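Chain lettering (A, B, C, D, E, F and G) follows the sequence in which the chains are written, and residue indices restart at 1 in each chain.
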Amino acid sequence: MGTGLNPSYFIGLSAALFAIGMYGALSKKNIISVLISIELMLCAVNINLVAFNKFLTPDAFLGQIFAIFIITVAAAEVGLGLALIIAISRRRETNNLDDLDWLRW
Amino acid sequence: MKTQEMLINVGPQHPSTHGVFRVVLTLDGETVVKANSVPGYLHRGIEKILESRTYPQVLPYTDRLDYLAGLLMNWGYVNAMEELMDTEVPERAEHIRVIMGELQRIASHLVATAAYSGDVGGLTGFIYCFRDREDIMDMIEMVSGARLTPSYMRIGGVAADLPDGFLEKCQKFIDYLPTAIEEYNGLITGNEIFQHRTKKVAPITAERAINMSLSGPILRASGVNYDLRKARPYSIYDRFEFDVPLGSNGDCFDRFYLRVLEMTESARIIRQALDKLPDGPINAKVPKIIKPAVGEAYAEIESSKGIMGVYVVSDGSTKPYRIHFRRPSFINLGHFDELIQGWKIADVIAILGSFDIVLGEVDC
Amino acid sequence: MSEWVGVALFIVAGLAFGIVGIGVSFLVHPRSKNRYKLETYECGIPAEGSAWGRFRTQYFTFALIFVIFDVEVIYLFPWAVSFVQLGLAGLIKMFIFIFILVLGLWYAWKEGALEWK
Amino acid sequence: MENIFVNAAGGIRNLLESAGLPSLVVDISIMTTIFVAILVFVLLNVLWLVYMERKVSAYIQCRIGPNRVGPMGIFQTIADTVKLISKEIIIPKNTNKKLFLLAPVMIFMPPMAVFAVTPFGKGMVALDLNIGVYYFVALASLSTVVIWMAGWTSNNKYSLLGSMRVVAQMVSYEVPLLLSIVGVVLLTGTMNLTGIITAQQSVWMIFLQPVAFLIYLIAAVAETNRTPFDLVEGESEIITGPFTEYSGMGFAFFFLAEYANVLLVSMLASILFLGGWLAPFGLTFIPSWIWLLLKVYLVIFLLMWFRWTYPRTRIDQMMAFCWKVLVPLAIVNIFVTGIGKYLYESVRW
Amino acid sequence: MENVYELIAFILLGGMVLGSALLVVTLKNLVHSVLSLIVTFIAVAGIFLLLNADFLAAVQVLVYAGGVCIMVVFAVMLVQRTDMEESNPVNWRFGFATLLGGGIFILIGLFAARSQWMLTGTEVPKDTVGTFAPILLTEFVIPFEVAAILLTVALTGALLLVKEVKANGDGS
Amino acid sequence: MFGKGLLKGLKITIGRFFGKKSTVQYPEERLPLPDRFYGKPDFHYDKCIACNLCVNACPNKVIKLGTETVEKKKVVTGYHFDQQYCLFCGLCEEACPTDAIKFTKDFELTTYDRDTIGIEFVKQGQIDKKIKEVKQAAAEKAAAAEKAAAEKAAAETKSQTEEADKAETTNKEGGA
Amino acid sequence: MEITGGDNNSCDQQPNEEMIDETTKRLKRLGAEPAVIGEVTRVVSVGPLEKILNLGRANSFWPLGFGLACCAIEGLMTSNTARFDLSRFGYEVMRASPRQADLMLVCGTVTKKAAPFVVRLYEQMPDPKYVIAMGSCAISGGPFVDSYNVVPGVDQLIPVDVYLPGCPPRPDATIHAFMKLKEKILNLEVVKK
């Protein structure tokens, strides 16, 4: 294994992606964009996991298997999240996060 | 959830509206909630033009009404004129009319079949039907000199006698037709995809059909046995033996298949007419300059699209005072808006196709 | 690694192909302006209403079911590849897995989510 | 004949290496050569396919088809392409210009990326990936996005409706497609395309997996949007679907990409089910790449034959067919294959 | 030699990831955001390739770029009432979000840069899929089955949520 | 069984694929056209008797017949057939008593210019010739008539006053 | 009874100046002004290149699938069917959208109600575009020239390249018209003669 690319590069990338996702998740008004940003964050996590897999446990495949589970969970999460948004927007004429301050609908 | 409704224009320039017909659809998702048909893009003012034409000159214009069944349109007009003038048409002429009229009916039904096949996406069926229609076109061209707009009939008879070789050709075609129909049945009618698309789509009940004054194959597809050729025979139809095919469900498939069945019946009639074809004159004695007495007449024939009625008012001059056509497609189309409600866009095309409209006739 | 460089090359080339095609066309094609050319086409009459209608949920429903099954397939492929190695145990585990998902499909079917409205 | 292309590539490599170039440069130049060869191959095939479709449709319809432009009319598609290049590209107002142009530019990317891993004959594969099949399907699925983009940016009702429909359709049919492939992978135990072909040495997959083949074929027809599932181009309903607003070269790319995709799915079909380049009946004197081509064209002819025979289905029936018939069938197929394979393996033990 | 090219690939792909991710959170039009999200995912798949995870890369493309993004797009079309322009605004937490995001980046970055990695030096096996499938179905069998349950539950739940309201909801 | 119809369709189309093609390759091969075909009109100047029947029969006033009365005889000086308004119905042909207007089988009427669609059949030369002929004929006729009249008159006078006006008759004959 | 209106005894039917003026005015009211023919510009314009491109154009007209009346049956449908087979020349690709069409086959009566959309469709076609006026109606209003609702010739609205008289013209005649148009594109000199 060469020394050209070490995990730091990937972790740096993943951190940047995570930060961007975090920024999006916090600063967006539209719920869907918040969801998208969360996807970005999950993606960042995946990069991390796969990087660890490659550099730390290449034969145990822990990282990759975890990544697969995360992808599964993310898919389920997006599906449910979007369904929720659709359900909400059906009742309230909004998809602006700040307007969703009621507890009951 | 309340989905936003979407307005969609089907037509005027649209590949499957059979011309320049326009329907404004209000869609909810893909389901039609409201339909608003806008005809009139081909309104040529024929009825008005005809007021300035002499009686024989009216004839070529009738061709341009239902241009898929020009001869039948001719026939409707000459029928009305003969009623107005009390003319007796010679036997031979009547027989020729029947032969040509039924050939034209087959041609028209072939186009309907073809167009319907094309509408649901089967382009090969389209071409096959047109291929066989060419034979009829040849025959029509042979007798009249034009393929689509023959202007062949004349008040009191027909323009010219059947040319040499016509009878053999016609006989040959009649013998060939069953093979062709079998082919259509194999390719189009029997196809499961086609059946799934058309069966149980937009059924019209018999009662509704009568109330909406539908006529022709659309009416009979709903199970109403009303064919002018049987119900009130005009010309010499009472001498022929034929059945009136009837549908049972009145859905798109029945409307389509009925036309295929009617082709066979028409072939039967032609065969009998060919056998019985008498010799004799082909024209009644009509004055050179036609000047009917003051009066009016209304006559109907069963055209390929339904009942074609012609109403002529004469003021005693050489030109009609008023001519009005009862155009079957136009009246059948009256039920369209209501019928397509609740069906999907794809069905709209199938339903419109099963109506077999001709815009020349709808817009007149 | 280098094999992936090849894939990248192919992708870039596919893109370049498109760009060159459109670019050449832009150079040689004639152009003119008139009243209606840039208007939205709507069967030859002025466009009515907006194209931005909202749609029925069916589109979303199908996409959702697709994603779920897509994810299922992720598991199926590795299983299929090492089927021999996994033997009966693997077979049974996978059948349970698929069975649970088929339950979901069955539910969707029953709920009418598979109908296109 | 057999190794003509392989030898040519080797020759070029030797030539370059003897010129003393660094190995990576050699690699990349070989890659470029292969790439150019594949590009030319694909383009020629696509042009030929357009012509062939017109000819086949004509013959089925008792017509003759193009026969004026060039001998037998084979330059017809070239004339069409030249004309399309010379047509104005209209960018309607109210659209996002960049995206509107990006869609046709990108439509060739997924098929090109997939052709990189397709074996064209024995030893004739640019890249032999371990996960070939999966990669194949994954990248091919990206066309969906591009088509959707085209429909969406056009800002036209027919386009939008059409693109929503086509995406729903393509996405749905991807599931049975993938599931039918699982059956094959199960039997061969590899996802490598070359591996799958060599695993069919004794018997072609079509005989072991007839149901999967059928499912694959139907799904492939749907994926490439051809009759009876051609709702994108469902002319009689939504004009030309997502491409309504595209003119000139923009349209040409979509038009050609359709045929590139046809080539792709037929290629995959012959690799997965028809034994790829393997010669049947020991007819090995015919080179492997010719065999592959023959099989591919057999599948393509089949697709064309379907197209010119059947009417179009309705979208609701199509979706129901996918989810209520094909997917359950494919799952059952996997079950049966799994059990069968297990029994076979355990008996052999 | 090899490493240099890997580095170049990394920089290109990383640039693509970050650039398109930035576009995702800054573009005004939500659909454009989603489209650039697709680019991000594809670029991330490229990163996975760099990390010898070819199967994961394909999964990333198939599931994320081809599936999830389509789903998001459909949801957007369903939900968006008004004009698509300006459909992706930022809210008042804008400053706070920037700070937090930046902070996290700097923190992790620092840690990552300072870490001493204990590299094993072994290679990832060539046949990734064939190697990890057995692990997946033996050691991870419980999460594996749970994944199935999760997917089914997500499917049923989501279907329940988006079920069309009958009768009164649809009319006029 | 489901699928039977599908297979049958396939059988039909593959049969057609190998079957006979029904295309007539137009520019080289041509379909035989019936004698009654209405294509490009043809006008026989010499046959026309300028009776105006065709003009009156035409529903759309396509034909413009120009006549000139030369020596009390109608001469056709123009026969403009404006094809762009024609219905190709053949009523004019039917009306014509002398078959002067006839339709040929030529259907390739395409032009680049709208003005050239209408056909003027009558050429100036023809008119001149005709007028000349008519005049000549008229002259001859007049002469003949005169002659006849003269002869008749002569005969009459002869019979009436055969002997009485003998001298006058000789005078007249000498003058002619 | 007396006949009123529709007096058609004047033999002169070619639309004279007055008629044209009147028509244009009425059409304007309907929103169908004659097509605006924008100035055609090119980025690159080289003679030989243009020749090659013209070769392509002339061998592949994709007609706009757009039928108005009777002539459409002959011109658009029958000429595509087995016996006549326009596809031999590669002209059979009917496009439903004007964006992909090169040729507008005006087959049928252009009424005043239809005029606006005919113009619109023409203008929405990409350059270069061609028009064939097929049938008496499209050329001049034909049988219906004295109707109140018919445009006396589609060349009042859009520039026509080739006129094909007939009512309706035979499908073979349509093919002939296509070939004439091809000739025109390949060799403009032919036309000027």
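We take it that a contact is a pair of C-beta atoms (placed from the backbone, for glycine too) under 8 Å apart; a residue touches a chain by one contact, two chains touch by 3 or more.
Since the model is a prediction, treat every value here as computed from it, not as a measurement.
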| field | Intersection of contact partners for chain D and chain F | value | B, G
| said: If each hop has to land on a touching chain, what is the smallest number of hops from chain A to chain D? | reply: 2
| Computing the C-alpha centre of each chain, which chain sits at the greatest distance from chain B? | A
| query | Does B-F or D-E have more contacting C-beta pairs? | reply | B-F
| query | Measuring centre to centre with C-alpha atoms, which chain is farthest from chain G? | reply | A
| remark: Per the C-alpha centroid definition, the whole-Å distance linking chain B and chain E comes out as 61
| field | CA centroid of chain B to CA centroid of chain D, Å | value | 45
| request: Measure off the straight-line distance from the CA centroid of chain F to the CA centroid of chain G, and report it in whole Å. | output: 31
| query | Cα centroid separation between chain A and chain F, in whole Å? | reply | 89
| Set of chain B residues in contact with two or more other chains | 1-4, 6, 12-15, 28, 30, 53, 60-61, 124, 127-128, 131, 134, 149, 187, 191, 193-194
| said: Two-or-more-chain contact residues of chain G, please, as numbers and ranges. | reply: 8, 53, 65, 81-83, 85, 88, 96-99, 117, 121, 124, 126-128, 143, 167, 170
| task | Mark out which residues of chain A touch at least two other chains, giving numbers and ranges. | result | 68, 71-72, 75-76, 78-79, 82-83, 86, 90
| Footprint of chain G on chain C - complex, ascending | 26-37, 39, 41, 43-46
| message | For the complex, give me every residue of chain A touching chain C. | response | 68, 71-72, 75-76, 78-79, 82-83, 86
| field | Parts of chain C lying in touch with chain D, wherever the complex brings them together | value | 2-7, 9-11, 13-15, 17-19, 21-22, 24-26, 28-32, 37-43, 47, 49, 51, 53, 55, 58-59, 62-63, 65-66, 69-70, 73, 76-77, 80-84, 87-88, 91, 94-95, 98, 102, 105, 108-109, 114-117
| query | Okay, in this complex, where on chain E does chain D touch? | reply | 1, 5, 29, 31-32, 35, 38, 42, 54-55, 58-59, 61-62, 65-67, 69-70, 73-74, 77, 126-130
| query | What part of chain D is in contact with chain G in the complex they form? | reply | 54, 58, 61-69, 73, 75-76, 78-83, 85-90, 235, 239-240, 243-248, 251
